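Below are two complexes that have chain A in common, paired first with chain B and then with chain C.
Then we have the complex of A and B:
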């Protein structure tokens, strides 16, 4: 039986890092990019965090970084560790960790396709969800979705007038709208 | 997202303008060359249409959330088989292609292949508001906004989601069209193939279809 205290003690004895407790079963580590792989391996092999829950990416456009979040789980005590790291947004590159967990491969393929993060030595097929995509990776925040949609797809006429549904119904039925509804009117 | 206000058009188009624009939007199949009025309708044609309308083999292409309404429609509660509607295993055995929900560009490619493999007469029923105007995915980078730009559609069923009653109503409409000889756009697709191909190639980037369409 391990508590968050034991985990943090074990980690700080081995690595030079700062950890904080988010909840009574959740620990957050903010690491340098190079620390992530050894820490994850230590968590998996020594501390029993055998399950990789999730890998996600947050696009901090203003700070010009991507933040990667690796979430690992220890089933005996239901403990979760969030390993966070920030990488450069212009040349995003992260260590290839497909050998740690088999399903890391899927997450890395998604990150590569949706954010354009490069994993040196990672030899999975290039295409994952999108097919024949030749634009900027679509989950980046500076990808202008609306402009792309307007340039690529044809929308059916009749939608651009943006009717307020409530008003449209009242116009037909002659119903009186109460004042608090008019506050949300589009006109 | 800040441009939302600029895009809105203040002067609203009239109903007539919208209707006309929708007619211009994609080619429609006129019933030219087909016999569709009571006086000249030949008995053979009448019987053919009658038989077709009561035996619709359905290929349900479950792309989006709408697929969940198909089991409800086909099974005992609403029992679509009493109208002659039942499932088909492969595109070549099917009469009706049913598109349930949104289509990503990746799925669209498969749908076009499936549609081209079906044999005449073939009908398309598009299901849910996503196929009509994009629905809630109107600003998504990866879903198409109007299905009849890419394959001809006979009946649209509006709703998000349409309940099984609405689905049956849509099929009743399709049966009516078949009886009158107005349904089945395979001919229309072949005739306007260039127009459809141009639209398809605009969204499908890695185009590797066979050059010839000979089904």
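Then we have the complex of A and C:
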């Protein structure tokens, strides 16, 4: 049985890194992006974190970085490690780790498509969820969903005003709306 | 002379196909009746839920969350609520924990009943699905009585649940469970005693035991290779730590083993709900949150997992200290089962078994593309 302390000790003996306990059995590592691949391999092959739980990305637009989060799990003692790194948002590039776990390929395809992150040497088909997409990667914070919808789709005839049905009927009949309805209406 | 290359044909199953569990497509390269290569194609129902959630406040997100998976929406609400509570440090009253457990288990049972229909139907056995979907309505009635809705409940909220158990609901639930327990024998005679199902399911769609964890397999497919990992046991949440139940485990890793696991899981869910009803504590069911329109969570992050019928689902949630989430990212069991695992186990299988194997993995397309 290993504890969070054992894992942190083993990691800090091998790598120069910043580790803390997030909560319960969860360890959080904040790494330079060049450390991520060797640390993940060490976690998998030496420390038994055989299960890749998740790979996520958070867009910190204000800091001009993407934060990548790799979550791995050691089933024997229910320990989780969150491996985090920040990459430049203008030229987002991360090491291709598709050979580490089979489903890493799926995660990388989604990250490439939804955030525009490049994985040099990653040759999986470009299109994953989106088809014929030539806009900014849509999960970026500066992608304006409303503007995209307005320039891409047309309004159904008779609904150009975008009133709610309740508002439309009330305006047509002249009935007075209660205050609480007006407060959250779009106009 | 026909070259090997000329014998191979590309075949598309889906996105509109009765054997596909939702809007997805499996592109197959086949030689005769045998699959040589398989590729999962998704993108037919992407609704940008995760993006839209970033533009809503913490509570408004619930109207989208439950739609991440149509057959079993409640674990989505539960997992997200637990992640929000973890970031904020909000306590959940014991009564709410028990009610959440009952809701989660009822959701499991009704989803398993849908699975019976899909699994039997993909083997050409249509009667069972009509029985189980009919009986599933009794559970949807319970949900309607409790939450006001049959499918998408939006009932589990940060701090507890939205309302208390209605008068007489516990008794009605017990009666439904008694009825379902008797019906299980009928279902199982129709499915597991059927020679067609036995021959179709045994030795088909095998996941190798030594690869299962590395491939990201969880839930019934993992228990079907003989590994009994279940978040309800390994990292107990809600009231699971106070209740007595077993994790069914079978060897073989084939469709048959996964079906046996699901058969036994229903019995365990009934057992859990009965205990939760018996031990239901009194007190408050909701630790009220502040005005949701002005509710800000402290900056922080949480990774929280829950056991669904398909396997582990997890939410990675990030707060930047405002009234809206910075990031809400779902890890669904189908994300691995329906893509990388399916692509690995289909080569060598018969075309007719593709839908059958897909059903046994519990692939849920809306969970793959959120």
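What we mean here is this: the second predicted complex is superposed on the first by the 156 of 187 C-alpha atoms of A that agree within 3 Å, B and C clash if a C-alpha of one lies under 4 Å from a C-alpha of the other, contacts with A are read in each partner's own complex, and residues count from 1 in each chain.
FYI, contacts are C-beta pairs under 8 Å (C-beta built on N, C-alpha and C of every residue); 3 or more make two chains touch, one makes a residue touch a chain.
As the structure is a prediction and not an experimental result, all values here were calculated from the model.
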Contacts of A:75 with chain B and chain C, given as first, second, both or neither: second
A:124 touches, of chain B and chain C: first, second, both or neither? neither
Which of chain B and chain C A:134 touches, first, second, both or neither: first
Contacts of A:21 with chain B and chain C, given as first, second, both or neither: neither
Chain A residues touched by each partner, larger count belonging to chain B or chain C: C
Which of chain B and chain C A:101 touches, first, second, both or neither: second
Touched partner set for A:56, first chain B, second chain C, both or neither: second
First (chain B), second (chain C), both or neither touched by A:155: first
Chain B/chain C common contact set on chain A: 129-131, 138, 143, 145
Residue numbers on chain A that touch chain C, as the complex places them: 22-26, 50-54, 56-59, 69, 71, 75, 78, 80, 82, 101-103, 105-106, 127-131, 138-139, 141, 143, 145
Contact set on chain C toward chain A in their complex: 42-43, 46, 48, 50-52, 54-55, 86, 213-216, 227, 229, 234-235, 301-303, 305, 312, 314, 316, 318, 326-327, 329, 331, 335-336, 339-341, 344, 369
For the chain B and chain A complex, residues of the former touching the latter: 1, 3, 7-9, 12-13, 18, 21-22, 25, 105-106, 109, 132-134, 138-142, 144-146, 149, 199, 202-206
Chain B partner contacts - residues on chain A that touch it in the complex: 129-134, 138, 143, 145-146, 148-149, 152-163, 186
